[in-house]
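Below, chain A partners chain B and then partners chain C, in two separate complexes.
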Partner chain A sequence: MKRSPGRAGAAGGAGSPGGLYAAPSLFWLTVFFLAPLAIIVAYSFLTPGPRGGVEWKPTLDAYRAIANPSFARVTLNTIVVAIGATAVTMLIAVPCGYYMARSSRQTLLLMLVMIPFWTNFLIRIYAWIAILGNEGFLNDLLIATGLARQSVRFLYNRGAVMLVLVYTYLPYAILPLYSTIDKFDFSLLEAARDLGASKLGAINKVLLPNIKGGILTAFLFTFIPIFGAYAVPLLVGGTDSYMLGNLIADELTKSRDWPLASAISLVITLVTTMGVLLLLRANGTSVLGGSGDGEKPVPEASSAAAYGAQAIGGSR
Partner chain B sequence: MRKRSSFSKAVFIGTIVFLSLPLLVLVLYSFNESKSGSWTGFSLRWYVKLFTDSPQLWRAFGNSVIVALSSALVATMIGTLGAVAVNWYKFRLRKYLRTITFLPMILPEIIIGVSLLVFFSGIGLKLSLFTVFVAHVSFNLPFVFLLVLARLEEFDFSIIEAARDLGASETQTLLKVILPISMPGIISGFLTAVTLSLEDFVITFFVTGPGATTLPLYVYSAIRFGVSPVINALSVVMILGTVALTWSTRNFLKYIAAK
Partner chain C sequence: MEYGGAKQKTVKGSDVVIEHVRKSFGDFKALDDVSIGIKKGEFFSLLGPSGCGKTTLLRILAGFESPESGAVLLDGRDVLSLPPDGRHVNTVFQNYALFPHLSVFENVAFSMRLKKAPESEIRAKVADYLQLVELQAHAKKKPSQLSGGQKQRVAIARALINEPSVLLLDEPLSALDAKLRQHMLIELDSIHDKIGITFIYVTHDQQEALSVSDRIAVMNAGEVLQIGTPQEIYEAPATDFVAKFIGETNLYEADVVSVSGETVELSVEGFGIIKVTATEPPPVGSRVSWTIRPEKIRIGLEEPRSSRNGINAVSGVVDEPIYSGFQSKFYVRTPSGQVLKVIKQHADWSDEGPEIAWKDSVWLSFSAEDAYLVEVKR
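After this line comes the complex of A and B, so read on.
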C-alpha cells in the first residue's frame, strides 16, 4: 500500500473542516453504539425490574448469578462449540485458500465459494433443516431405501450446531486466506528450498509469517461470530448446545432479568475485545495506536478489519 | 509440492461439494409437489404460492428493502465524511473515531442487538421499523467507513493541496475532488451496506417491533418448526436474485473503476 508522504501535512487547525466531516460519524456511533454499551455496563449493576427494565437499586446480583454452575455450564458449552467449530473451519479453509490462490482458474473457484456465501444467512441454516430435519431430504432417502424405519433425529444437538456453524462461517475464513496467500510470492518458497530449507521449514519460516495477517483475519471473522452465535443454536440446537447468545436472549425476553442479560453481554464484550487485542499484540502490531505524532501507517488492527471488510463486503 | 497440492485440491473439492449440496437440495425440493419431505413429483405450486399468495412475505420484503436502502444511504453519507476526515484531516477525537468505527466490527452481533434494545427501551423509543433503521445504520457505518478509507488511502494529500492552491474552497474541494475520487469506495460501501442490511437477522430480531417484520425475520418464523415448501421456493429466488445482483454489481464496479 502506498502511504502518502503528504500525510504528515494532513490539514489541521482551526480552519480545518476535519471536525465537521467527522461530527456525524462521531455523533452516530457515540449515541447509537457506545451509549448503548455504556447502558449495558450500568444495568449490569442494577436490580431487575418486575417486567423487564431495571430498578435503580445497585446490586451485584447479576454477577453473583454468573458465578453459579448453570451459567458456567453454558459458558463451557459455548467455548467448546466455538473452539471446535473454529478449528474445523480453519483446518478446511487453509488448504482451500491455498488451492484457490495457486489455481489458474481463480475467478471460477471464487464464484464457487461465493455463491453459497452470498446466500442469505437464514437460508443457509434452513438448507440444513431441509436436509437433516425429521421430514428432510436425508430421512426421506433413508426411509425410501429402507435403511431406517422412522425418521432419525439428526438435528437439535451439538453436532448439528457445529456442522451448521462451520458451513455458515467457512467462506468468511476462506476468502481472507485466499487473498493473502494469493499475494504471497511463491518463488520465495522455492528460494528457501534452494538455500537448503526443508519443506516444512520453508513453510514455517517463509510462508506462514507472510500469511499471518490472513490467518488472523480468518480466525477473528469466524471465532467471534461463533462465540456470540445465537441463530444457529436457536434453530438447529438442543439443550446440550445452548450457548451464551441464547442465554442472553432468554434472560432478556423470557426471564426478563435485564441486569443478568447485560452482565453476560458485558462478559462476552470484554472477552471478545481482550481476545482481539491480545491476538493483535501477539502479532506484533500496535493496537489502534493510529497516528500519534509519528504519523504511522494505519494501525494494523483496523487494517485487518478493513481488509476483512473488503474481503467480505467488497466481494459480495 | 505435487503431493501437497493434490491434498489441497481434494480438500477444496470436498468443500465445494459441502457448500453447494445443501443449496442444490433446496433447489430440488422447491419443485417437489408434496408438502412434506418425500418426493412425490414435479410441481411449480410453491412458486405460484410464493408469488401470488404470500402477502405477509412480500410485506416483509418491502420492509427489508426500505430499511436496506435508507440505512445504507445514511450510513454511506455519514461514513464517507468520517473517512475523509480521518484520512486527510487532523481533528480532536480522531483516535476515538478510529476506535468506535473498529469496535462494532469485532463485537458479536448479539451484543449490538441487545445493547440497542436496552438503549431504545431506556430512552422510551418504541420498537418499530425506525429502530431497525437506526440499528442498521450503526452496523453499516463502520463498513462504509473502512471501504471508503481504503480507497482514499490510494491518493496523496497533494491532490487536496493542489485544489486548495488553485483556489478551491473547502466545499468545492470536497464536492469536486474528494467525492469523485472516492466514488468506487463510496459505491462499494453503499452496496455492501445494502447487502449487510438485507442479510441481517440477529440485530434486527432484537430491535424490531410489531408490524416491522423484515424478510429474514419472516423466514425465521416460517422455518422455526421445520421444513416449509414456500421457503424452499423463496430460497431459490433469493439465491438467483443475489447471484444476479452481485454479478451485475461487480461488473458495474469494474466499469466504474476502469472509467
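After this line comes the complex of A and C, so read on.
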C-alpha cells in the first residue's frame, strides 16, 4: 500500500504512533491500579483466612457484615467530617484563589501555597501534634500568658481532625481555583455592571459560572481524599472521629478480615465514583482538562486498599 | 412626526457635560482639567494617542473610575455618585467582553433578564436587536464560535438593548483587520443614524474619527487640545500636535515679517518668504508655526506662471517618489535642505502632465489660503 509522504507525519493520522506513546502509562495503570482493584473485588467475595489472607471459598459474608449498624455509624461520621472539612476548605480557598489571581505578587503567593509540599505529609501531621498537644506550643503559650491554668485538650477529637484535614487539602483546592480565576477576564465583571448588574449580581451571574470548572475540581480534589482519610484521624482523632479509612485499616491489620476490608474499600470507591460522575453530568462540562474522566483523583481510601492488596503479595 | 420604526421614538439621547475633570494614577496625570460639552444625539469622538487619557475619561463616564475633582452631567444631572449599573449609559468594550458561558441570544438578553422582563418581551426585543446587527442566524452560538466582526456586533446589540441615552465605544474596531474595520465603521454610523442616541467613541485612529464623527476632541497627555468638526480639526488645527496627529502634514517654524489683513508673510528657513492665512494675525517679529497639507501643494516641472497674489512657489528636487495607485507621494528637498511632502492624485489621463521621477527638479506651488498659521510661539 502506498502512503503519501505528506500524510505520514500528520499528528493523529492513521500512521500516528500515539498508541505506542501511551503504552507505558497503560502498563502502569494496569499493573498498579486495575490489577489491585481486581484483587480487591475478588477478595471481597471470599472467606477470611485464620490469620489474615483469604481462603478460596466464595461467600457474601463481607457484604452481610457491612449491613451492621456500627458500619453505618462510621459511614455517617465520615460523611459529616468530609462535608464539614470540604466546606471549610472551599470557604477559605475561593477568596484565597481570587486574591492570588488578582495580586501583583502571584509568584510569591504561589510559592507560599506550595512550600508545605516540600515536607512529608506525616511529618506535617506530627508538627500539628507538636503545636496542639498537651505540652505543645499552643498550650505552653496559653499557660505562659495566663490564659489557661492547665493545658487544654485540643487533640484527639473531631475538631482536630477537621483542622488538620483542612490544612492538608487547602493547597489542592487553592491551586485549581487560582488557575481558573487567573484565566478569568475581569472586564466581564465591568461589562455585567455596565449592563445593570449589582456587584453581587455580577459575581453570581458572570464570575461563578465562568469559574465553576475550577470550583468543581477543587471540590473533588478535597472531598474525595478527605472521604477516604486514614492517617489524619488515626494520628489526631479520637473515638468520635473514627473514619472509614481507619475501619478498613483495622479490619485488615487487627481483625484480619481481609474480605471485609476489601468490601468496605469497594463501597467507598463506588460511592465516590458515582458521586463524581453525577457531579460531572450535572455540571455538563468536562472538568479535568476535557477528559471527563472521573477516576483521576485517586481517593486515599482506595489507594490504602490498593496498598493492602499489594501487602498481600509481600512478606507480611 | 413619523420616523418609521418604533425604536427611534422610545430611545432618546442625552447631552453630556464634562466639567474640569481631573484624575491621576500616582504621579501620572491621566486627565488634567478636561471640559467637554457633547450634544444630544451627537457622534462624538475622543481622539488621541495611547495614554492620552481618552479611555480613562470613558471609564469615568461609564462609572468604573471616579475623578479627583470635576463633574459629569447627563442632561444636567450629576451622575458621578451613581454606580455603573445606575447610569443610563452602556459601553461597547475594546475586547468585546462577551460572556463566554452564554449564547449570543443570552448575551444580548443579559440586561433584560436582570430587569426580570417577561420572557415574551425578551424574545421579541432580542430578536429586534439581533436583526439590527444582522446576527439573527447566530443567536444560538457561543461567542467563541463567532468571528471578530460578529463578536463586535453582539457587543453593540448587547449594549443597545438597554436603550441607553449614551453609548460609549472604547476602541471598538481596534481588534479587527483593516477591511472589516471600514465595513464596521459604516455599520456603526448607520446604527447611529437609526437609533439616534449620543455616541461617544474613543479611538487612536484619526481616519476612523474623521470619517464618522460629528465632532472630535483631540487629546494628548491628559488635556483636550481642540474640539471641533472633522473639517475644523483637519483644516484649522489648534496646535502643532493636532496638525501632526491628524493626517499628514508639513509643519515648519517661521518668523512673521509683515502683516496685511489676514495674510501674513513669513520668513521660513530654506524657503524664503511664504504667505499664509491667519484669522488673528500675530504682530511682526513673532515666532510661529505654520502648516500646509501635502495634497494642497501642486507639483510640476515648470515654474508656475501664475503670479497671482497669494501663490507661494518653492523649487526643489524629488528625493523620493512613492507611487500607490490612486496617488503619488513625493518628498521634495529644497536647495537649502528642507523637505516637503507633496501628494498628487492620479485623477485622469488628461490631468496627468509629464511623469515626475526621482531626482527631477520640480516646482511646488500652494495658495496662501491653504497654508495655515498654527501656533504663536513668542
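One rule holds for everything that comes next: the second predicted complex is superposed on the first by the 252 of 316 C-alpha atoms of A that agree within 3 Å, B and C clash if a C-alpha of one lies under 4 Å from a C-alpha of the other, contacts with A are read in each partner's own complex, and residues count from 1 in each chain.
We take it that a contact is a pair of C-beta atoms (placed from the backbone, for glycine too) under 8 Å apart; a residue touches a chain by one contact, two chains touch by 3 or more.
Keep in mind that this is a model prediction, so the values were computed, not measured.
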Practice problem: Report for A:238: first if it touches chain B alone, second if chain C alone, otherwise both or neither. | Solution: neither
Quiz prompt | chain B versus chain C as contact partner of A:49, first or second or both or neither | solution = neither
Practice problem: For A:84, decide between first (touching chain B), second (touching chain C), both and neither. | Solution: neither
Self-check item: More chain A residues in contact - chain B or chain C
Solution: B
Practice problem: Go through the superposed model and pick first if A:194 touches only chain B, second if only chain C, both, or neither. | Solution: second
Quiz item: Touch check for A:185: first (chain B), second (chain C), both, or neither?
Solution: second
Quiz item: Both chain B and chain C contact which residues of chain A?
Solution: none
Quiz item: Can you list the residues on chain B that touch chain A in the complex?
Solution: 5, 7-9, 11-12, 15-16, 18-23, 25-26, 29, 36-39, 77-79, 81-82, 84-86, 88-112, 114-119, 121-122, 134-135, 137-138, 141-143, 145-147, 149-150, 153-158, 160-161, 170, 174, 188-189, 191-192, 195-196, 198-199, 201-202, 205-206, 215-216, 219-220, 223-224, 226-227, 231-232, 234-235, 238-239, 242-243, 246
Practice problem: Spell out the residues on chain A that touch chain B in their complex, using ranges where they run on. | Solution: 1-7, 9-13, 16-22, 24-26, 28-30, 32-37, 39-40, 43, 52-53, 92, 95-96, 98-100, 102, 109, 112-131, 133-137, 139-140, 143-144, 167, 170-171, 174, 220, 224-225, 227-231, 235, 245, 248-249, 252, 258, 261-262, 265, 268-269, 272-273, 276, 288, 290-291, 298-299, 301-302, 305-306, 308-310, 313-314, 316
Quiz prompt | Complex contacts: residues of chain C adjacent to chain A | solution = 62-64, 83-85, 89-91, 93, 95, 97-101, 110-111, 114-115, 158-159, 162
Quiz item: Any idea which chain A residues touch chain C in the complex?
Solution: 185, 187-188, 190-198, 201, 205-206, 209-210
